[in-house]
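Chains here go by letter, A, B and C, matching the order in which they are written, and residues are numbered from 1 within each.
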């Protein structure tokens, strides 16, 4: 973790904030509010942390506009967490890899690699691959034939890109991410399963980040797409021919079957399962562990459960299930009362 | 994606179909019905696509026997999708890797590799390993000691085969598939967990295909088996001592605990969880996200839910749970009526 | 699988057991009770296996104290399964890799590797990394900068350790385990998602074993920890800033969101999902496929379901749900009876 030094006033300027107190204090690192010490900057977004903030040893605090927290120095901004993230990047910039190709890397003669690219040990690059300026290819990455990689990407160790896959600019793939393996498609006859052709490709657009060991399968025909600015966590499965829109966030271990469309700005929890041919409309939020049946159209709103229901309904039904023992008891009591009534009626009313 | 050229008549002959219309039309690629253009062939299986088919620009259509779709050229076959898959293989054959061993590969002196094998960059092959004719070992694959690999297999990048594992013929392992890691077995005492021996092996039979990052653990003692013609999707976990039969299909992210038997021709959805010592009988179908309790015997039929139930029962119970608010209202109304009746009875009946 | 030879008497001494019968019988391998032959040793823990045991061809049986199973030779111990595991280690010791560094490995000049370490082919070790005595680094492992690895660890093929990660002694990481990838944290604004800093690290303590393709993310700030003696199965996700205690066992495909604490001696099933900021108190047991809501405190006891409930309650509710059709029928019958009663009351009672 590298460190740069700035004054609080300089940092405030960079994030469009206003500094109060000693703007000349030196800051060299970010930290959590509870543990920040001299030379460190922390942030808070919520009034409930004001008292913690006032006893903090941080050199400077990033706070919401108008939050007059007592502190030696504070920066007021609209979005403290976002400013903190920006400042973290200034104070702890990504280590830069000098452009170089490790002598152990195997680069096909027909590959076209920009001179500013870093290629680590034991990398392999296939025929016809093109890698643009500023991209970092870490150790053990395997790049198939005719792969296209944009500018300023980071491919962490052991990433695998199958033939023909394409990445935009500033794409980050974490260790072991696997892009372009065959989709899971077979045709059954009496003899068994015959492979359905998996001849399409995968397109990953600009500013996508994909977690460790996440798998995005190639399309049978056509392409699988991950749209601009989308973020996928670890160990996710994206099936063939899926179309994931822009700014979609998907948490770890979610599985998406073939031909699912997830439109822009959806938020998908962890361990969610999607059957095939689903459309999730823009703005929908699906809670962790939900299950979505094949062919379903998921409208905007918050969804939960297996199969998914609107969150409100899910909560109500869940509460009702919890009340089942009580309902059972009520039923029993009613049955007893009705039996007594029947008895009473059969006897004369005297 | 390589391309070959055939006439429609030649293709019809190869798939045992009958050609109608211009059998001399040249075909060089497969495509989807909606997007197929000149020189391309598409298929349809269902009458609902007839109208789309009749406006298609495809050079030729593969249709069910008797489906007199208007088209410049059509091939009638019993199973259009299967014929399409076969034709795709003819038109777009897998690129052939010339037999060679990359100079960066580390081959132990005692390994026995057929002269027709392709070995990519940064591969490592342990002592006593045997690799048969026509097999393709892509970059970064790691093959342990005494591993046996059959004919015409494809091991995609970064596959790991632990010591002693054995693969049949025509096995395809996608990137990062991990075969033969230790099973998850420990014995607890006051001090903590002690490793239970994981001394067995894994046997993968002919024509098995395994998805990216799927893990098949070695047996504690004996062997874990994946039977002939079975197909496993991405990110699946198969525990130690499992016995998966022939032509079993398992979708992504399913987890199978130790000592589970899945008999021939079962179909298992995605994200299913199996406890240990389960037997799934031949022909059973288990829906996605289902959970099967340890020790269970799953009979043929369609199963669903956590814990699994016959699909019919699952649907009925699910409907009933959805009706709970209504039941609750009914209960309330009955309680009110019974109270009124009690009141009425206590009063004289006039 | 290597083999050593011992007499039954020698083995009994090593595990603190008492030998009955022919203590001089030679034993060279472990086996299952049902298949054990001459020269092999098996174990049983339960009286229900006595009859199987008495027809076994095993050279020697490990049995509970006082279990006078008829056999040519038996060793009585308190914990037969544990003794069996210990004996397996004696008879089949892990193959020792001679200290060496494969010539294809790329070792940074500033890395400090003990002379007794084994480094396999295509390994890469970053600047400032330290690797202690007796550790085995298998083929394709990638070790970032300033990584610390303790004594007698085993890193199986293709393990990835990001910069700065630290492992204790005797840690075992299976193929493809990925330690220290960025946590999944972003800040949203109108433009999209901005990366929240992931500047912390991961600490894996002594005697931890981690399964194939399991991912443990680095902390945003601070550290993610896996405590001493804990065992994680395959394909698990551990989010940033998690604190997993000592002797915790987690089965395959479980997903743990950020900032979750799991205290010592917990047992977590497979495919469990944890929201963020959960605390699981020491001794809690969570069943497979359970879902734990964010922020929850899970007390000691056995938990099950989505969302989790005490196992007893879960079973009761489950039974009740299964009884819903019956309740529905009861409700219908009551409604009919009440209607009849109303009718009866409206008519004069004679």
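Simple rule for what comes next: a contact is a pair of C-beta atoms (placed from the backbone, for glycine too) under 8 Å apart; a residue touches a chain by one contact, two chains touch by 3 or more.
Predicted, not measured: the structure shown is a model, and the values here were computed from it.
Visitor: Which is it for copies chain B and chain C: same residues on both faces, with over half shared, or different residues?
Guide: Under half of the interface numbering overlaps between copies: different.
Visitor: Can you work out the rotation angle that lays chain A over chain B using Cα coordinates, in steps of 5 degrees?
Guide: 120
Visitor: If you average the Cα atoms of chain B and of chain C to get two centres, how far apart are those centres in Å?
Guide: 26
Visitor: Can you pull out the residues of chain C that are in contact with at least two other chains?
Guide: Correct list: 104, 122, 140, 158, 176, 213, 235, 253, 271, 321, 324, 327, 331, 334, 338, 341, 345, 349.
Visitor: Applying the document's contact rule, which stretches of chain B touch chain A when the two form their complex?
Guide: The contact residues of chain B facing chain A are 1, 30-32, 35, 79, 81-82, 84-86, 88-89, 92, 102, 104, 120-122, 138-140, 156-158, 174-176, 207, 209, 211-213, 229, 231, 233-235, 246-247, 249, 251-253, 270-271, 288-289, 318, 321-322, 324-325, 327-328, 331, 334-335, 338, 341-342, 345, 348-349.
Visitor: Going by the contact rule at the top, pick out the chain B residues touching chain C in the complex.
Guide: Residues 104, 106, 122, 124, 140, 142, 158, 160, 162, 164, 176, 178, 181-182, 184, 186-187, 189, 192-197, 199, 213, 215, 217, 221-222, 235, 237, 239, 253, 255, 257, 271, 273, 275, 291, 306-307, 316-317, 320-321, 323-324, 327, 330-331, 334, 337-338, 341, 344-345, 349.
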